[in-house]
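Following this line, the structures themselves.
In the two complexes below, chain A is the common chain; its partner is chain B in one and chain C in the other.
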Partner chain A sequence: MLLHLGAVLLATESQTNTIWTRLTARSRLLCTLLIVFATALTPNGRWWTWAMYAIAIALLILISRVPLLPLLKRVAVELVFVSVVLIGTLFRQGGDVLFQWGWIQITTEGLTVLGSVTLKAFLSLLTVNVLILTTSITALLHALAELRTPPLLVAIFSSMYRYINVLVDEFNSMQRAARSRNLMSDPRRQRTVIGNMIGSLFIRTYERGDRVHQAMLARGYSGLPPVAKMPQPSRLDIALLTLTIVILLIGQAIYL
Partner chain B sequence: MHHNPITIYNLSYRYTDGTQALNSISLSIRATERVALVGANGSGKSTLLMHFNGLISPQVGEVVVGELTVEPQNLKQIRNFVGLVFQNPDDQIFMPTVWEDVSFGLLNQGVRGEELEHRAAHALRSVELDPELFGSRNATGLSGGEKKRVAIAGVLAMQPQVLVLDEPSAQLDPRSRRRLIELLDSLPLTQLIATHDLDLALELCDRTIVLSEGEIVYDGNTHRVMSDPELLERHALESPLSYSRPYCQIEHSP
Partner chain C sequence: MAVTVSVFQPQLALHIPDGFLSLPIILVTWILAIALIAICLQRVQATYQERAVPLMGVCAAFIFAAQMINFPIPGGTSGHLLGGTLAGVLLGPWAGSLVMAVVFIVQSVLFQDGGLTVLGANIVNMGLIGTFGGYYLYRSIRYALGRDSLRGVLIGAAIAAWTSVFVSSIVCAFQLALSGTVPLNVAISAMAFWHFMIAIGEAVITVVAVSYIWRTRPDLMYHPPRHAVADTSRSYSSR
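Our next item is the complex of A and B:
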């Protein structure tokens, strides 16, 4: 969901009619979650398991006919954020020392952890982005509700998606207002001004939240977001979910 | 149809910071009547409107909607009876798509399936928006006028008997404002319109209530109050443009 928010410009939701898009959003979300959890929970160094999962994800990309360029762009942007965490894993102690500079050591264990975590992050992000590029935010929200995600959390996600552009617009207006009074020309004051803007935006958001809640109450909201209808899973849904589970189990069985 | 869908007896309300927003208000709105509620900023208009829908509970006095008093146990029926359109549609359109937002109130009413589809589509059509064209659109990409229409459709879908609008013409360009006036004029509902736009009040409402510092200072014919610049000025209001121009004054004289 957050990936949807962070890459609004890259969101080119695919409307093609493929096996993947014929699945209910709930099944797509379930498949994605299963792959992500299986990938992330596999212990470090199990390269063959990930190789198998990578083939499965490649097949998923093929059958879903996701445009490759937006997919890779999104993953690249997201990996930049993940890399901050990844760098720390390189200096893990244990195994043979390959490089030493003062107290900084790069060991075989560090390289294994770095490689494993990078691969986990890459495969997980690929899978999640395939889901996002093929499923509308509305369908995703419904899928979350159907999968018994706490209703309040679904409502928060829904509001986040709805209001992120409103907040960005408000922030831009404040920035323009500041620029028009030459407040942004002094780099030393810039941080203070932006800090004040963020504070002001926080207060405005809080007040808007209050008004939105009143508008919801006015139309009969009683604490639970209503769901219109739940599509029934077809045989295709069951078949693809089963196939996903089988592939994931075989991947785990390689190292047994 | 209730003869007096909204009746208020001696309503007073004080905010926690000590501001007396309403002071001993009593009024009655008749069925299918269109009433303008005018007053300067801080005169208590919005506070009064929120009482009609039960968003604020009366501290002193009583608000009767239909046959029900505004009390926590009656809020569900009251909110189906009185539809409230907020000033800023961005506060009101909170669902990701237009269709979902218009369906929101219906789902809360327990309406599902074909009836939901029919009522949501009908509500959108009644504000001159094509459900096929606008249903799947994200609210972010709509113009101010379209947002206002979607906000009204979301309320109309619930089939209320009373429509309460807070500053409906705020932030609208002249053409959107004109279309909104035509739309409101075409709706066969009891309407209560809080507005600073006295020309809109003049055009739509036969009756006007002037609020000042939480009190009703005038309740009567719209033309009469609009042609009384002294009264309007005393309560920080101004005659509508169409009254301040001599050639229009002749046209509007009661």
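Our next item is the complex of A and C:
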């Protein structure tokens, strides 16, 4: 029933002491953002640029010592969107026609778009997953706050992150209750039951929000939660950030 | 038919991955999304004061949990709620859009449901069009049919929920086509065909959920009906 049953259990931070984990969370986040944006914004067909970025990402995976199996599992789930592009390839005009059958034709341009988009999605997913599998959520939130994200937004994120599991649990128990009373057999009734569940969960959620607010007030809350001091960036941070930027720029310069 | 359905099913949430959109589209949608979030933050801060953090946090977790439940949609397969219009109806346009944007950001960073670079596009499609557009469509239909009648609320919610999902999918198709990723006719027909059905499921669930809240706690709705007395003493939760 749940779409991301496995994915809820994440942030298994690998406690190994590597060069990557010695960086501050802010530098890690910045590196990831730079790589993802550079990869995804490269125009279609620039294969050498991505070859270079792929080597850089492979190095990153090596030095961060991310467990490979969880990494590949998380990446594989998300490649399904590519199927739309696959279908689009069959109807695309332009370039040399390689294969034709009625309306369906495969052209060189179609294949270029398919290959480029798939590669970009794959490389970006790898990079983001390296960050997520090595950095705890709390550290990420602090990094966001240091990068001048509005404090209110960061506070909402952290409060949401705290309650995701609670609400998913509550949904699961409501669903179990409905199933044990044989309410989920007929599809029409199932929709009514799920609609009612969502309605009743909203009421509970709203009341929970009020209770949490009261509890926070009781503990001296006055607008925004306090922010802890985070480790300062060292020379290593600056060196690796510079290295990332240089690699990204060289990759782009190949096609100038 | 069965094959197409199984191929399309996992991407039905309209979440575009990285690499599918071109630079101009990404720039425009990011600017729109950042402006939307900034205004929403300001409005929510002004309305809810220091209640904003706990309330928005649990509501975002609520939408997140609601999106995980699969239900059968008329047409034979299953889908899940997007929740844009539901958030708009229950929390209002500003808080609703903020909650949806927070949900998309968390989904994209933690669960890779949608890419980082296209986050702006996903927020515009489902937060701006889905929640904001959905809310104002719902409101005009509700006020035309009678502000305090259940009929007006339900018809408004149903039409707004269906339209918001369908229009978001068409906009998403246009973004993909303008970026040169998928030809326009293929993108629109694939998206429109599939989301026609998904939108019906969205409308059904939204209507059932809203009518449940109307019957039990109408005072919690944004623009509650006038007869609803603020009777907050009774509580449904045990924890």
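By definition in this document, the second predicted complex is superposed on the first by the 214 of 256 C-alpha atoms of A that agree within 3 Å, B and C clash if a C-alpha of one lies under 4 Å from a C-alpha of the other, contacts with A are read in each partner's own complex, and residues count from 1 in each chain.
One rule holds in what follows: a contact is a pair of C-beta atoms (placed from the backbone, for glycine too) under 8 Å apart; a residue touches a chain by one contact, two chains touch by 3 or more.
These numbers were taken from a predicted model, which means no experiment stands behind them.
Once the two complexes are overlaid on the shared chain, A:Leu41 sits against chain C while remaining clear of chain B. Of the two partner chains, neither chain B nor chain C is touched by A:Thr149. Residue contacts after overlaying the shared chain place A:Ile132 against chain C, while chain B stays out of touching range. Of the two partner chains placed by the overlay, chain B and chain C both lie in contact with A:Arg162.
More residues of chain A are in touch with C than with the other of chain B and chain C. In the superposition on chain A, contact of A:Arg208 is made with both chain B and chain C.
In the overlay built on the shared chain, the residue A:Thr18 is in contact with neither chain B nor chain C.
In the superposition on chain A, A:Val117 contacts chain C only, with no contact to chain B. Of the two partner chains placed around the shared chain by superposition, chain B and chain C are both touched by A:Met216. When the shared chain is aligned, no partner comes close enough to touch A:Gln252: not chain B, not chain C.
Residue overlap on chain A between the chain B contacts of one complex and the chain C contacts of the other covers 137, 158-159, 161-163, 166, 208, 212, 216-217, 221-222. Across the complex, chain C is touched by residues 1-4, 7, 10, 33, 36-37, 39-41, 43-44, 74, 77-78, 80-81, 83-85, 87-88, 91-93, 113, 116-117, 119-121, 124-125, 128-129, 132, 137, 140, 150, 152-153, 155-164, 166-168, 170-171, 175, 187, 190-192, 194-210, 212-213, 216-217, 221-225 of chain A. Chain C makes touch with chain A in their complex at residues 7-8, 10-11, 15-20, 22-23, 26, 37-38, 41, 44-45, 50-62, 64-72, 80-81, 86, 90, 98, 102-103, 105-106, 109-113, 115-118, 176, 180-183, 185-187, 190, 201, 204-213, 216-217, 220, 235-237. Those residues of chain A whose C-beta lies close enough to touch chain B in the complex are 137-138, 141, 158-159, 161-163, 165-166, 208, 211-212, 214-222, 226-229. For chain B in complex with chain A, the touching residues are 50, 53, 55, 76, 79-80, 83-84, 86, 88, 90-97, 100, 103-105, 107-109, 112-113, 116, 139-140, 154-155, 158.
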